[in-house]
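Just so it is clear, A, B and C label the chains in written order, and each chain counts residues from 1 on its own.
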Amino acid sequence: MTDPIAPAIELKGISKAFGPVQANKDISIRVMPGTIHGIIGENGAGKSTLMSILYGFYKADAGEVWINGRKTEIPDSQAAIAAGIGMVFQHFKLVQNFTVLENVILGAEDGPMLGTSLARARGELRALAEEYELSVDPDQLIENLSVGHQQRVEILKALYRKADILILDEPTGVLTPAEADHLFRILDNLRAEGKTIVLITHKLREIMEITDTVSVMRRGEMTATVKTAETSPEQLAELMVGRKVLLRVDKVPARPGDAVLRVENLRHVDSHGVERLKGISLEVRAGEILGIAGVAGNGQSELLEVLGGYADATGTVRVNGKEIALSGPGSDGGARRACGIAHVPEDRQTEGLIMAYTAWENTVFGYHRDPRYQSGVLMNNALIREEAQDKMTRYDVRPPNPQLAARNFSGGNQQKIVLAREIERDPDILLIGQPTRGVDIGAIEFIHQEIVRLRDKGKAILLVSVELDEIFSLSDRIAVMFDGRIMGERLPDETDQTELGLLMAGVTGDPSGDPIKAVEASLEDKAAREAASHD
Amino acid sequence: MDKMPAWADAVLVPLISILLAAILSALVILAIGESPLDALNLMVEGALMRSSGWGYTLYYTTNFIFTGLCVAVAFHAKMFNIGGEGQAMIGGLGVALVCLFIPFPHWSIALLVATAAAAVFGALWALIPAYLQAKRGSHIVITTIMFNFIAAAVLNYVLVNVLRPQGAMDPATATFPAATHLPTFQEMFATADNPLFRGSPANVTFFLAVLACVGFWYLIWRTKLGYEIRAFGHSESAAKYAGISPVRITIVAMLISGGLAGMMALNTTMGEAERLVMNATEGAGFIGIAVALMGRSHPVGIFLAALLFGFLYQGGAELALWTNIPRELITVIQALVILFTGALDNMVRMPLERIFLATRRRNG
Amino acid sequence: MDFATLLQVLDSTVRLATPLLLACLAGLFSERSGIVDIGLEGKMLAAAFASAAIAAVTGSVWLGLLAGVVASTLMSGIHGLASITFRGNQLISGVAINFLASGLTVLIAQDWFGQGGRTPSLMGSGRFEPITLPFAQALSGVPVIGPIYAELISGHSILVYVAFLMVPLSWFVLYRTRFGLRLRAVGEAPEAVDTAGVSVVGLRYAAIVICGVLCGLAGAYLATGLQAGFVREMTAGRGYIALAALIFAKWRPWYALFACLLFGLLQAVALRFQNIDLGGITIPVQVMDALPYILTVIILAGFVGKAIPPRASGEPYQKER
């Protein structure tokens, strides 16, 4: 018999490190049965790691997991399923060319023949659909379903396996607002039936709307657990971002010149047919830093890819008044570099650097066709090496050894190699994404100073970062992106993190009003439109 | 930091893999009741202790250098070209056509033109799979396999129905004109009192192969094209960031690969047989896979691996002549080399990495 | 062409399609689990030799068959070790297996029998004899249907019937059983199987073993049914044609049957007639030889319906970090 008031989930002192990175530090939480518990925090705060431990994907370095008042070992997902835990991953684990029914029974079949399993699942699905508003056509192929319906299949999978505890990792990240609303109704129903739900998200609106209790995570630590009714979006935003000392960057006020980069009505559709940029317009002037704030996945990466020349788009982009091609010939990275756009990409490991190349080879990556680096038909490697040595010294890359492969440098030093390469080209425009992601504190300061120095030389800088601190300390103007659109522009002196946080969640109204109402108002017409386009 | 030093990955892993292949080969020889040591002796005797043995060894080496480079250049672009065999066959067709139909005044001009023809024919045969991979995503491994068989059918048709001289029985072209005869090692190095390389097929093409190695090194490590090929091979996403077109690199790398395979035909068709026969390639296109894997796609490694396989080929022929061990022993060794260096490399690498990590931890 | 010739060609189609079909279904199981297998040729060859050798030594074709299956499955095991356990390159492993079989078979044949890499000719119980189906004799007099039954359907060796029965059986296993569901899932989305608490490695090894067994049957049929004994390289590219058929069939059992019958027909026609005269236009025999490969390339290029392989094929599975 289980103790009737025992928590459904209790984590005691969970710690987990990946190499030098402490993803979870001594985390303890209690989630009572029949409640929805939110876990909120910025990207990389350690939320997903924690839940992966609960689902048996990772083994915690220390700590205990208690389920329904019993200490439980969860070495693999099988054990998690047996303990009544179901997980809806951010990236669905569905077989695309299987039917809904087949996906639901996979791994939970009744016997060696499918017939009976399918028949039973069909009945069960019908019952679940009625009970929780989870209707999905059981014979439809997953690849023909909308994302929202695919998510329902994931929930059905968990319920079919008799899960009492449901973990949802960023469930609305890929949903339209209408779908998200439907999801919340489902979660409501599940709670009413006594299921325990853990909702991982970085969206304040969701926490306020649906959870009973909420825990805030920051940098691998659990900073607070509060009752949702007793908190406010503003307080949560503060807890989430933390009041750590800002890394101050010494900079004089910007003296912006003419607009160097002018973007109008930029639209981009990705390879899955999803519109990622929905009419972006912005301009960056010489001698200023325009910071793009926003939660990851709202189109910032695509904006950089389009401007950097490796994703097609429609709309107009003018560089120094001259329109540039956005698709077809003359729109590749080489053409962009030729017209004075340099780009420090968001992911230096898969884009900015060839990890297997030496540092010196990487110092010309993207500029390797420059006639300067050729001597006859061969590349002038001696010159490249010489320049590399010089750049590495000046940008304080450690160790300053151009012969070392890029993968052998620390994150900060890798970033300095990229930065040296792009800045030394003396571009008119610098696109820079997540300049200090995975970079140690010492290097952050250096990188920030270099960016400001470049601004003061009269260059136009477009900065994309999910770190609000960074946006604040570097930007001369801040634009907030949400769902492929610019939600608004603010001057750093005239706004605060709370206001930006709300903009990042898609709220454009007056923050002193009811933020939830404001969100719903702002999304209503869009939701209706998308719902219409789905059916 | 890397789990183990670069030299260990570049030298130790292939060496241990080859050692494993050698041990297994020795066991195979033991199993069929022969002595591995005697066999090795016989092979060394036959392949390396006489100049005519060297003449054969280097003849085979020439083939394997070309096909090894062919596979390697594709490897650098992260493609697996199994079509070297077919590309070499079609390259041979190019050689035969120019040798038969252009009246050359001197062998050197013939060699130049034939080289161009071999490379162009081989490259064109690789072009269709390359285009289909680049533009339509058809897996190049499967298409190049299919093109090997199609090449065989094309060659068969051409030899039987078009180029076979009147009245001849075997599917082969007429013998090439004497002006296209390439100097053999015997003609180049033998003197009246020192009959070197007697009767062996090694010829001037060997030097072309060595040149190809040097050219390959320059191409891959010293030109911007090589820079782009390697970058694309390491990371397609980074290549796109840098403005390197995946379509262009895929096609260009395969053209070079096919061209190198085609050039192999110079050695067999122009240098040795002096006519185009049906089975001129003798599986050298496939041995190129083993050579490239073992040589780690580096021309020095490829040269050494080609030499080893040249030795094995000639030594294997000697074995077949003097013992009960058939030539197919070499195929087994080739298979084991491919298996250990190409597919089971993690089996060797993982324990090695653990050893290096442990030593490093103990030292600091 | 008269009726009798047609029957002969069709009869030979059935026999030539049999090894293709078995190998094609073998590849189907492997590739449906996400393991690309270009080593079908090698496995068939190993099985052909082992079955002929053991049948020659023991005089029992059934022991031969068993040996063929074991040899082929051992080859599969190597492939599994390389591609599942050590997450190596599946393509390279397949190539290695083809050469391994090509070399070892001749090597061992020479050692055992000393006949230049062939086995002694099989006779009597060392071969699979044709089976005369009931009433074949009695019905052969009936026009059209009689000869079709007596000559086309009846009179093949047991493995031919096994091969054709394998088609509905494979279909049933793949689409109607728990194992089949999981097998198909692991080739499409191993992470879905893994998070559902089912072993990816276990499933893939199971598929590899089935592949080995079926290739074993294919090879054994070549050496003990279609022909009487092993000769070097006797598979003659059939493993690759089976691979082509698999792509042509879009990795589906019933389509595989038709693809193999088509490719078998091409082989039968090429054997029966050399150059085909079609009202003044002569189709050379080489076109027949190359046609399976050409058709496959066209399919691969997506010009006639796209052949989409299982999504996870060729990719070693590693839990995401």
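Rule of thumb we're sticking to: a contact is a pair of C-beta atoms (placed from the backbone, for glycine too) under 8 Å apart; a residue touches a chain by one contact, two chains touch by 3 or more.
Keep in mind that what you see is a predicted model, and the values were worked out from it rather than measured.
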Winner on contact count, chain pair B-C
Please identify which chain has its centre, taken as the mean of its CA atoms, farthest from the centre of chain C. A
How many angstrom between the C-alpha centroids of chain C and chain A? 48
Please work out the Cα centroid separation of chain B and chain C, and write it as a whole number of Å. 30
Given the complex with chain A, which residues does chain C contribute to the contact? 175-182, 184-185, 188-189, 191-198, 311, 319, 321
Residue numbers of chain B touching chain C in their complex, please. 28, 31-33, 80, 82, 128, 132, 136-139, 141-143, 145-147, 149-150, 152-154, 156-157, 160-161, 286, 289, 293, 324-326, 328-336, 338-339, 342-347, 350
Hey, which residues of chain A end up touching chain C in the complex? 18, 55, 57, 76-78, 80-81, 87, 89, 93-98, 102-103, 105-109, 111-115, 117, 157
Contacting residues of chain B [partner chain A, same complex]: 1-2, 6, 218, 222-224, 227-228, 230-231, 234-235, 237-238, 240-245
Hey, which residues of chain A end up touching chain B in the complex? 308-310, 332-337, 343, 345, 350-357, 361, 365-366, 368-369, 373-374, 377-379, 381, 405, 407-408
